[in-house]
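The same chain A turns up in both complexes below, where it pairs with chain B and then with chain C.
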Partner chain A sequence: MLLVLSEEHKEHLSFLPQVDAAVVGEFGRIALEFLRRGTSPKIYEGAARKLGVSVEMVQHGVEGLMFLMTESSKHMISEVDFLDSVLVLGFSEELNQILLQLYLQHHAHIRSILSQLPSNQPAYHNLEWRLDVQLASRAVRQQVVPILTLRLLLSGVGDGVCARRGKVLQTDPSTLLHLISTLEGALAAMKSSHARRIFRNIK
Partner chain B sequence: MELCESVQRGLQQLADPSVFITSCYRELLEVSYRSLLSSQADPGVLDQAELKQVEQIVLKQSHTAATTFILEAVKLNADKSTISSCLEELTFSAERIDIFYEAHQKHKKELERLLASIGRCPPHINDVSWRLQYHVKNNQVDKVNEPFYCIALNTENEGSPEDINFTCTVEQLQDLVGKLKDAAKCVEKASQM
Partner chain C sequence: MRFRFCGDLDCPDWVLAEISTLAKLSSVKMKLLCAQVLKDLLGEGIDYDKVTKLTADAKFESGDVKATVAVLSFIFSSAAKHDVDSESLSSELQQLGLPKEHTTGLCKSYEDKHSALQGKLRETSLRLGRLESVSWRIDYTLSSSELREVNEPLIQLKLQSQGAESGSTETTVVSVSADKFRVLLAELKQAQVRMNALQ
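Our next item is the complex of A and B:
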């Protein structure tokens, strides 16, 4: 599968051959840093001053690289397809190799960043538990009620903020056994021939 | 058991055969347990034919006293001798004490459960439902091809149901089940002590 680069994208990237290979490498590093932590206009300004070009050109260059990296990581294109895709840019062989290395080294990480974006449902992070025995309350003295207090930690709740949220819950021993057997059923469904057939065929 | 003056007075009236004849006494005890155990207060609980012969005010005082006494006895898990000596002091006959104790044994467990459920506690998990899904692709990433689970914990918080939804990968579900099993093992060990 080849990437189809828009004219605008090509124009933004056309800034890259005008600078040193080392600078392109540096842009690549910045692009990945921005993908991880978000952009920072100060860095654009600093780089523009050093290179003696406009801030806009630097910004377009870096963002063009970011887009190139995310698009190719999104489709997980092969090495050959990546090189063929950037061929239309008319860059030197050396520059193409720099871009390829950047892609090969970081595509797994970029995919993991991208895969966090669409998840709007909280995801399981951890479970802490404690066995309590209720001995007395205002209404009844002398009780022996075993209770399991659980703290369920969920991560990634809304707005792309990686906030962890703990929820304190409790249950009784017989429900606990029921939960275990139900969830073991869920795990067993993974290994069923039906599920395995689907996993094998959708590739 | 410490009882306030009005409760003591109500019980003394209940002990008096000239106010409550035996059948009336039995009926009032039944009515008292029923009014404690029914989920909704029934305003007509004292409108029993058997109780018509007792004066309304006395009936209400004795009903309040009996229910208070029953709750105290359950709360403190009072044994037979405690109940007997307490009622004896309030001029109950041996026969009436036996009738009371019999009724008390019959309803005690249920009342205990009811009283134990009073009070604040974190949401209680009652059940769990799950769905296995296969994540193929999304607008950000192609070829994801990963199975994952959607889990809903059905909890109850002070009577109102609430679902806690979350997703987890296969490894995370194994982790979750492993931790729940650890907890179950711990409960089993503790129960053998």
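Our next item is the complex of A and C:
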């Protein structure tokens, strides 16, 4: 499929042919850092001073480049389609090749970053457990009560990777056995013929 | 195939796959890598630059480096967890296809740090709300708005414990009258007698 670039986007990217190839590579690197870590105005100011253009033009150029990369990675477009989409901008052949190389090198990485974005459900992170035996309490001595203490660590909930919440649970051995058999039943459901038929059709 | 170092379960597929990656390193480099991984497991931090330098000869990509560190961490921590002696670990790793020189190097490092590893694992086991400190103060109440002559001792106890989330501290302040405190002390002494009987 071809990317359709808006007029504004094309205008922002029209800054790129005015600088030489090394600078475009540098902009590509800044754009990828933007995706990974965000950006700081200092970088734009430094580049603008060196090139003798306004900060806005640099910022638009970098952001336009980043948007081009994310849209291409999002739709997983092929090399040919990428070149055709970029052809619309009327750049030189060399610039097109640079953009293509940038795309090919980084699209897998960009896709992995993008896939981490919608993390709003708490997800399983880790389960710690401890098996204790209660021997006595204030009220009753000479007991033997096995107790399993669990701490379920969840990640996500809006903050991305950080913010681990832990839930502390306690259970006795018979409940634990029931829990295990229920979870094994859930795993076995993945191997049922109904589930297999669906997986085959997705693949 | 059941392996003792995996807790009498099958060896995970990814471990099997990465053992062949491990075999690509020279045995000397692998021993140094084991030392780094053990340092990390004992909480002293890992020096990733050294690790990348050690694996540079075998031309590992970043994915391979991470996989190697992961598989070594798994082998060491799992073997320490199930209290496997180094001869059994050595024979099981050779069954999985790790060459003999690598296995001897690995097992020697494991044997050296075996008890330190187990101590560290014991420390990091699940503990809820560890008590950190106790401080107390005894006051003597002379009089109050309800009664002119009270003349009773009162104990203020401050307990600081680790909260349910790691890193947070909870402070509990209680004031206990003399009689209640005697009961508390008697019960705690009984619990202490039972704990000492266990040790």
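Methods note: the second predicted complex is superposed on the first by the 196 of 203 C-alpha atoms of A that agree within 3 Å, B and C clash if a C-alpha of one lies under 4 Å from a C-alpha of the other, contacts with A are read in each partner's own complex, and residues count from 1 in each chain.
In this section, contacts are C-beta pairs under 8 Å (C-beta built on N, C-alpha and C of every residue); 3 or more make two chains touch, one makes a residue touch a chain.
As the structure is a prediction and not an experimental result, all values here were calculated from the model.
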Partners on chain A (chain B, chain C) - clash or fit: fit
Touching partner for A:166 - first (chain B), second (chain C), both, neither: second
Partner chain in contact with A:124 - chain B first, chain C second, else both or neither: first
Partner chain(s) touched by A:135 [first = chain B, second = chain C, both, neither]: second
Partner chain(s) touched by A:104 [first = chain B, second = chain C, both, neither]: neither
Which superposed partner A:149 touches (first chain B, second chain C, both, neither): both
Chain A: partner with more touched residues, chain B or chain C: B
Which superposed partner A:188 touches (first chain B, second chain C, both, neither): neither
Partner chain(s) touched by A:175 [first = chain B, second = chain C, both, neither]: first
First, second, both or neither for A:203, with chain B first and chain C second: first
Lowest inter-chain C-alpha distance for chain C and chain B in the superposed arrangement, angstrom: 7
Set of chain A residues, in rising order, touched by both chain B and chain C: 129, 138, 141, 149, 168
Footprint of chain B on chain A - complex, ascending: 73-76, 111, 114-115, 117-119, 121-124, 126-127, 129, 131, 133-134, 137-143, 145-150, 152, 154, 167-173, 175-180, 182-187, 189-190, 195, 198-199, 202-203
Chain B residues touching chain A - in the complex, by the definition given at the top: 74-77, 112, 115-116, 118-119, 121-130, 132, 134, 136, 138-145, 147, 149-151, 153, 155, 164-168, 170, 172-177, 179-184, 186-187, 190-191
Residue ranges of chain C in contact with chain A within the complex: 125-128, 164-166, 187, 191, 194, 198
Chain A - residues contacting chain C, complex: 128-130, 135-136, 138, 141, 149, 151, 165-166, 168
